[in-house]
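Next come two complexes built around chain A: one with chain B, the other with chain C.
For the complex of A and B:
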């Protein structure tokens, strides 16, 4: 029996080594340099970069510093972005999944088609949205003008509307996967449960609340945690839509980290911001898991 | 004496070839031309070079976003031996200590290259790269639209506003000029030429303090915004990147645009019937100013002696008159940084002469390692000014405020804080 157990460890050893090499060591190195003033001057000999303790971390939360101002604003932006994108995206996905769960002709083809936004590469999809959002020749303004909702073109790619532009594009890109996962969850629910509930006099809302949502809970939990983490990581959509500097209203942690580390060559500061972001995600994940476990036990 | 010198040079050249012969080096350059053409040209030249020297060159095309990859090569010693660097990148990479110091006499001497491009290869007065090709931006104008509006090409920035007003009277609002906006990574270059023409500069003489937030800086910033605000440019320009602005001119939508030499080929390809011509950048109260950009070739220092010698030979080959002229006229549509390559008859046209003249007085940004960071700070705040304009909060006070904020940030960088 023992032999078999050791054999198991042996099998996972290559994966563990690979994880250590490509994941743990670079992450550890990132944490180490976040405590140093690592710049262009000392990048070739990073051990000699001055140790600065928590300076980079304090700067990140100090609203008097430029980095601090930008980081705090980027957190506000990502929270708004994440909240709206996840909520609206989830509601659309749930609606579509419920429709897809009903039998109709060509269901499998439709299922494939709805995945198109998700499988389109980010660079293509968000460039496509960049065209849609162009103020002068974009389709969106053209449509809004024609139906009389607006009187003059809206600037979507600069200014205060940028965050809404990226939210719209991200919802479009993200909901199909959520929908597919929900649909998979829906298909595990035994039809007999609904039949029994109806015999007992349950209406459609009660069936949805007590059967559908209850059975979907584990799937929803996974979807939510994945979406929260992905949205905190958001980068491609912001850069493709607005360029490396998305501006005050659409700056998010990852665009700031990239600029700080690779445009400004403040590798230490960039690493500190990354570590903070990682810790935030860790806390969110743990709290979320705990919350769900407690609710499940209740 | 002369014979001895020739003999000595021959022996030295042979010695270098014998050291480097049989060596293989890796060369990274950006996608300076359509990939299929670019790679084929490089492979052909590499074969020609190998036949001549015995040095094998492997070419790999990289992107403009691959700066971190170059940095990795400098740190680890793994990767290209020779690579292309944007002119504003050269000093910061030199600062890492990862570039070979260049004796410019080995590459034909300082006089062989445009002064601003050569300056861009320096750090603390030493050369760390060899200028490859150059670019500057001039004012393209649509001759038909000008004729219909009854105006002549502007010679000053004030005239540009007057000419623009007449053009929009005839052709409609937003059709006088196409300008780049927040999505342009090179937005700063547009502001810089107006700043210089108004007597301003980026940093003080010893590069220890930001001075771009002077009255000239604010004027230049407000001038750029005024092009949109007065309706000469479409409000949509605030969101444009440079290729979008270029496209607006090339399609015949607008009458003017500040564009680079590569746009000549774009026009020939996309709209060959476009009636256009070019003039030098307009003059401000302090005369005309132009921006000098382009690319240099640099050599990685953590390589073997043989590899470094081979790399030098490859750079010499690439910047040689005929090879460089062939590369710039047939592939990149840029201006050779080696002035002798301009003897090629291809460059003997009025349009090219305008570019070359502008390049003659063009300025490079200060060759200091902090420049990348400084450029990013200015760019961010320039973006903020345009964002304020779109949000309806723009005023002289806000643009001065952003420039002051940028200057304070730049000063902190220069002081090492």
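For the complex of A and C:
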């Protein structure tokens, strides 16, 4: 039996080494350099970078500095972006999943079609959305003008509307996966439950609330935490739609960190921002788990 | 199931059609624009159907931006990622599926947690690590194919291992034991008996790794330049300060989507099953 144990380690060893090199070492290193004033001058030997303690962390929350102001704004933006994208995306996904759970002609084809946004590469999807959002030559403004909802073309990719443009494109890209997961959850619900409830005189809303939703709860719980965390990672949609500097209205932590590190060469400051971001995600995960556990016990 | 009345039926299909239009509309715009002339794109009111149908965008897409080269780069990087992830992932998945060892559950937990970590957390030190390797060991890492393949392999591994482990768990352990009795060692049992049985799972995992490499943007921005630039970044080059070549860009977008669609449809059942299992079990 001893030999068998050692063999198990042997099998996972190559994958573990690769992940240590790519995930563990850089993560630890990132935390170390976040306490230093690491810039282009001392990038070749990071130990020469002056140790500055919590300075980078304090700067991040100091609205007087450019970085602090931008960072606080980027947190606001990501919260708005995440809230709207997740909520609307979830409602569409749930609605479509409920429809797809019913038998109808062409169900498999429709199922294949709704997967399309999910499998489209990010850079392709957000590039054609960028074209759609063009104010003069884009199809969205043209359609809105034709219908008469707007009188003047909207500037989607500059200024205040940028955050809504990226929200629309992200909803389009994100809901199909949620929908498929919900559909898989729906298909585990025994049909007899609904029949029994009908006989007991439950109406459609009661069936939905007490059977469907309670069965879906674990799936919804996972989907929600995944979506929340993924939204904090959001980068591709912003950089493809708006470029490296999305402007104050669509700045998110990731775009700010990338510019701070690789355009302004403040590697230490950039690392501090990313550590803060990770800590926030950690807190959210813990609170979320705790909240759901308490709710489940009630 | 209860039957629908004709009116209900009408609204039911109406909603389905609206959903399909919402999903396919942007796609239709991409495809139709790729067949438009630049005069039509820049000068006329936008329409869904090209007024003059042209293939020029497809012919010219490689002149302004070396998109074929980027396509080849992506193909090399993604295929390399796929092969490396297959080897490492199969070994690890087999390890956690067949052996009980101290730290196994912890390892599985770490794999799940790793998927949730933001790439931004690694990218700065990772860039420094690559510079350090070059300066001290003399091995170039940034802007090389092996550097990109190594990076993407590690990113693809956590999900690949978990997905394949689910699949291997469904292959009975008696089969391994029979192979061991017949004189195979563990590696031979894996190679000769289990891998042939797990082909669909392996295919799904390989394609997942391929698509991951094809789509990645964040690390490619920092770690690649002209020699190894991937197609995901190359697409952005059609729009510059001076000119916007939307038609060619849309043609290139169609071109960049094809490998993903082909790869995905060939194994979609298994990838979706893997993703869904992640949600329903979690």
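Methods note: the second predicted complex is superposed on the first by the 279 of 298 C-alpha atoms of A that agree within 3 Å, B and C clash if a C-alpha of one lies under 4 Å from a C-alpha of the other, contacts with A are read in each partner's own complex, and residues count from 1 in each chain.
The definition used in the following text is that a residue touches a chain if its C-beta (ideal position, glycine included) is under 8 Å from a C-beta of that chain, and two chains touch if they have at least 3 such contacts.
Since the model is a prediction, treat every value here as computed from it, not as a measurement.
Annotation: superposed three-chain arrangement on chain A; chain B versus chain C shows a clash.
By the touch criterion defined above, A:235 lies against chain C but remains apart from chain B after alignment on the C-alpha atoms of chain A. When both complexes are overlaid on chain A, the residue A:253 reaches chain C alone and has no touch with chain B. By the touch criterion defined above, A:116 reaches chain C but does not reach chain B. In the overlay built on the shared chain, the residue A:18 is in contact with chain C alone; chain B does not reach it.
By the document's definition of touching, both partners, chain B and chain C, reach A:44. When the shared chain is aligned, chain C comes close enough to touch A:29, but chain B does not. After overlaying the two complexes on the shared chain, residue contacts for A:104 are found with chain C alone; chain B is out of touch.
When the shared chain is aligned, chain C comes close enough to touch A:96, but chain B does not. The larger set of touched chain A residues comes from C, when the choice is between chain B and chain C.
Note on the chain A alignment: of 131-139, 149-157, 167-175 or 257-265, the part of chain C that runs into chain B is 131-139.
Counting contacts as defined above, chain A residues 43-44, 134, 137, 262 meet chain B in one complex and chain C in the other. Interface residues of chain A, counted against chain C in their complex, comprise 4-5, 7-12, 14-16, 18-19, 21-23, 25-27, 29-30, 33, 43-44, 46, 95-96, 99, 102-104, 110, 112-117, 119-125, 127-132, 134, 137-139, 142, 172, 176-177, 180-181, 184-185, 188, 191, 218-219, 222-223, 226, 229, 232-233, 235-236, 239-240, 253-254, 257-258, 261-262, 267, 270-271, 274-275, 277-278, 281, 285.
Contacts from chain C toward chain A in the complex involve residues 1, 12-13, 15-16, 19-20, 22-24, 26-27, 29-30, 33, 41-42, 45-46, 48, 87-89, 91-92, 94-96, 98-102, 104, 107, 114, 116-129, 131, 135, 150-151, 153-155, 157-158, 161, 186, 211, 214-215, 217-218, 221-222, 231-233, 235-236, 239, 246, 249-250, 253, 256-257, 260-261, 264, 268, 272, 275-276, 278-280, 282. Within the complex formed with chain B, the residues of chain A that make contact are 40-41, 43-44, 66, 134-137, 153, 155-160, 242-245, 247-249, 259, 262-266.
Those residues of chain B that touch chain A in the shared complex are 67-68, 71, 74-75, 92, 95-98, 174, 181-185, 234-236, 238-239, 241, 369, 372-373, 376-377, 379-380, 383-384, 386-387, 390-391, 405, 409.
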